[in-house]
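Letters are used for the chains, namely A, B, C and D, taken in the order the chains are written, and counting of residues starts over at 1 for each.
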Amino acid sequence: MIELNNVSKTYANGVNALNNIDIFIEKGEFVYVVGPSGAGKSSFIKMIYREERPTEGSIQIHGTDLMTLKEKHVPFLRRKIGVVFQDFKLLPKLSVFENVAFALEVIEEPKDVIRRRVMEVLDIVKLKNKARFLPDELSGGEQQRVSIARAVVNNPRVVIADEPTGNLDPDTSWEIMEILENINRNGTTVLMATHNREIVNAIKKRVIAIEGGRVVRDEPKGDYGYER
Amino acid sequence: MKGRTLARHGKEGLKNLGRNSWMSFASISAVTIMLFVVGVFLLLIVNMNSFISSVEEDVEVQVYIELGTSDQEQAELEQQLKNLDHVESVTYLSKDEGLDRLIDSLGQDSEAFESLRDENPLNDAFIVQASEPQQTEAVAEAASGLSYIDSIDYGEQVVEQLFNVTKILRIIGLVLVAGLMFTAMFLISNTIKLTIVARQQEIQIMKLVGATNSFIRWPFFVEGLLLGVFGAVIPIAAITGGYHYLYTNYADKLSIDFAEILPVYPLTLQISAVLIGIGVLVGIWGSITSVRKFLKV
Amino acid sequence: MIELNNVSKTYANGVNALNNIDIFIEKGEFVYVVGPSGAGKSSFIKMIYREERPTEGSIQIHGTDLMTLKEKHVPFLRRKIGVVFQDFKLLPKLSVFENVAFALEVIEEPKDVIRRRVMEVLDIVKLKNKARFLPDELSGGEQQRVSIARAVVNNPRVVIADEPTGNLDPDTSWEIMEILENINRNGTTVLMATHNREIVNAIKKRVIAIEGGRVVRDEPKGDYGYER
Amino acid sequence: MKGRTLARHGKEGLKNLGRNSWMSFASISAVTIMLFVVGVFLLLIVNMNSFISSVEEDVEVQVYIELGTSDQEQAELEQQLKNLDHVESVTYLSKDEGLDRLIDSLGQDSEAFESLRDENPLNDAFIVQASEPQQTEAVAEAASGLSYIDSIDYGEQVVEQLFNVTKILRIIGLVLVAGLMFTAMFLISNTIKLTIVARQQEIQIMKLVGATNSFIRWPFFVEGLLLGVFGAVIPIAAITGGYHYLYTNYADKLSIDFAEILPVYPLTLQISAVLIGIGVLVGIWGSITSVRKFLKV
């Protein structure tokens, strides 16, 4: 359960990225976030795992109030949320395996469990044979898939994906969607910012459209589009 | 924290040295060269200090005994001298021995004074050594209050000037060593900070995927510790080896009269301990404090 | 005129990214490069502006033989080629304006020319009002548009765009395509790696499909797709 | 390169200091502290050297004249002494003056020797000063070949030991200053390298968008130069000011007899020149060499 009440965000440089956002997302929902470039999709997403804090309003995730959450509890919030970052955010000095394993190491899983689970996930994103590569040795799409693998490896309760298919060909994109649908079927909430009209229109889910920092449309089983 | 996590942090810290090999090399060489400089200075200053002490030890009070003092009175005087505060030892010096010493100290001029032997102008004397060289004046003063004394001589002016010089030398030495240690600490932690600033983004990513502050900090702790240890190896080896070599081959040339350079042990062991201590503490400290800056994500 | 003869590329880690590529691109052509994730599109593109060197074969650009080109002449080659990098490659400490201006500063244009031209291009990509922002203060799509602006600002003879619409919504993507078509109409060769089926199928141009490091299809006015 | 491009590089170099403010601060403070240490050492060593020289200058050869030498013969001897190689000056010292000097130097013991005045055991003498203290022995040797000479004394043992000590001190001083300068250069360029490694990616991007090596290098050149200049300001101010203060307030306390600490000018000017020279050269050098590594893209 994710709840935003009257949330606004103004960055330090004065840009007003979000305005009075009210959104309620049920546990286990699958939600697309669409909108033009610079609309505020990433800003919205960043507030959920608390990379950014709203300048106004309140946010609740699974009963946790992000506004009063203590600094030292933030890591535990983030462990429940798997994030596919728009710019991947891989650790450049770690191999593909180590990057994905990192999300399990922080929750102190035993080594053999880590090993098994990481290889499982890398297999799903078709990167098993590149487990020992460094991020720099991967193509753009491969890096994106590592980011996806890391987001889902610890079976989080919420998966947030910011443009997860931006660097992928259509076939691979469909495969990634299948992964996301699968974990959603198992009860994970999925929130996905995307520009991919083809996918949004084919796999019908709730669509939240943001434009100029405001929610301009919020439809169950909606189409791609953000005109009012 | 589970045991396996602790092991993981240790391994990760070590691996990070390799992953950032260029940076690690830069840090370790900064530690190495600064500790080497500090070590060399410690050696010099400690030896200088011991030289100075030897010179100071040489200061003594000559208490000339009044002519016509009986043996018993003389013994009484000796006892009184021994009972004075800060007196280390009292030695009798007959006027003939005194003249020998004096003539000896004149070098080649001495021949001209042989004639004095016939008519020794000196008195018998007690040579009084103060327990602390700095107490010499006090001892001389106290002694001057006793009876059976002709005159007292401790080279007042020379001694005063000597202590002035040694005091200045000691202050300079202390300031230099303290200044260098501070410099070393500053530069080492500065260098380590730079290597960590360069990893700022990585630290932020770790936080974003759910790492706690301590989970991130531990490998850096290990890394800082290893930087210090690795950086101390060469200076310790070079200083111990180099000093050993100097000592065995040039100890006599480097010694002046009574003042000898200090033996290899325990001096080099103590200096090694100081160096590794600085290395490790500053390594850990520099590492941990720099990480802290980037943990707020 | 871009000509690749029997080009192969094996990376230091042993990955064989390209195999015996023979491609000839006429001056003024517009070419899509398509293929699945990890097919070798970026590797192909990187060889043209000499970020990577082929392990075998030869490449010629406008009569310049890249195999014998001296190190010190490489910058002059690159000035004739505008590149939109898949990962944007913006200078993080420079503002949007400075990033775009950089491509003109290297060719020692006068200050007022730089100013005018940069603002012109930023206007085209709709970022005029963000000229003083740092890359970190931009959304993903905005960063991508800065990269596009920098690629075209000095009117290069060739524009290479690696996935230039990956982070853009459909509307903005069409606008970017318009820009690329425009400069192509003025005689600039355009080479564009893309996963955007919609665009490739709508704006018909030559399509080179790469799969597993080989050219599997090369059709004038082709469709998106890379099956043999 | 066009003029406006040169101006652009200068401005860019300055701006970069601000853009990488943390790194610039780290570099400048490393330069500052190392130059300060080097400067303090230069002051110490140069002064030590001048002290040593004063002490050495004090060495002289006493040429005692045979009894019964006529005035004319004495004048002849004086001329011959003056004609010897490496002789700076020849002064006549009558046996009475000689005895005065001797008795004076004995301090409080002196009274005991007043009796000698009746029957002066010394001869008249010429005091010969060598042009270089190290030539004293040679001068004494040469003088010993002359006639009308009773004996020659220049404190053979003491002088030899003195020169031994001053030689060792000079070597230690030189090694320390050279070592410290090397250390300073190494650490400064090391620090600068670290700040540039952190900008490796930016350098590569510049190359990818068509910048030539020299286009990239120039702003770094300016940056390195500025780092050196900014880093030298505080040490120069502190050393000049501090030394000025010491000199005006403690010059007498810091001087021993004839050996005085050197005046503020031109010494501090020379040291300032050395410091800014090191700062700028190492700044530019460290900056340029580190950039070079990343230009191969």
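The rule is simple: a residue touches a chain if its C-beta (ideal position, glycine included) is under 8 Å from a C-beta of that chain, and two chains touch if they have at least 3 such contacts.
Chain by chain, the UniProt names read as follows: A, C = Cell division ATP-binding protein FtsE; B, D = Cell division protein FtsX.
If you're wondering where the values come from, they're calculated on a predicted model, not measured in any experiment.
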Neighbouring chains common to chain A and chain B, by label: none
Shortest path length from chain B to chain C (each step joins two touching chains): 2
Farthest chain (mean CA position) relative to chain B: C
Chain centre separation in whole Å, for chain D relative to chain A (CA means): 67
Chain centre separation (chain C, chain D; CA means) in Å: 62
Centroid distance [mean C-alpha coordinates] between chain D and chain B, Å: 24
Mean-CA-position distance for chain C and chain A (Å): 28
Chain contact graph, described as a line, ring, star, complete graph or other shape: ring
Every chain pair meeting the contact rule: A-B, A-C, B-D, C-D
Residues on chain B engaged by chain D in the complex (per definition of touch): 22-23, 26, 29-30, 33-34, 37, 40, 44, 102, 107-109, 112-113, 115-116, 119, 121-122, 151, 153, 155-158, 161, 164-165, 168, 172, 176, 179-180, 183, 186-187, 190-191, 193-195, 197-198, 253-254, 256
Interfacial residue positions of chain C with respect to chain D in the complex: 49, 51, 71-72, 74-76, 78-79, 83, 85, 89-93, 102-103, 105-108, 110-111, 150
Chain C partner contacts - residues on chain D that touch it in the complex: 1-2, 4-5, 8, 16, 19-20, 202, 205-213, 215, 296-297
Chain A-touching residues of chain C, taken from the complex the two chains share: 11, 13, 15, 34-38, 41-42, 86-87, 133, 137-142, 145, 162-163, 166-173, 195, 197-198, 224
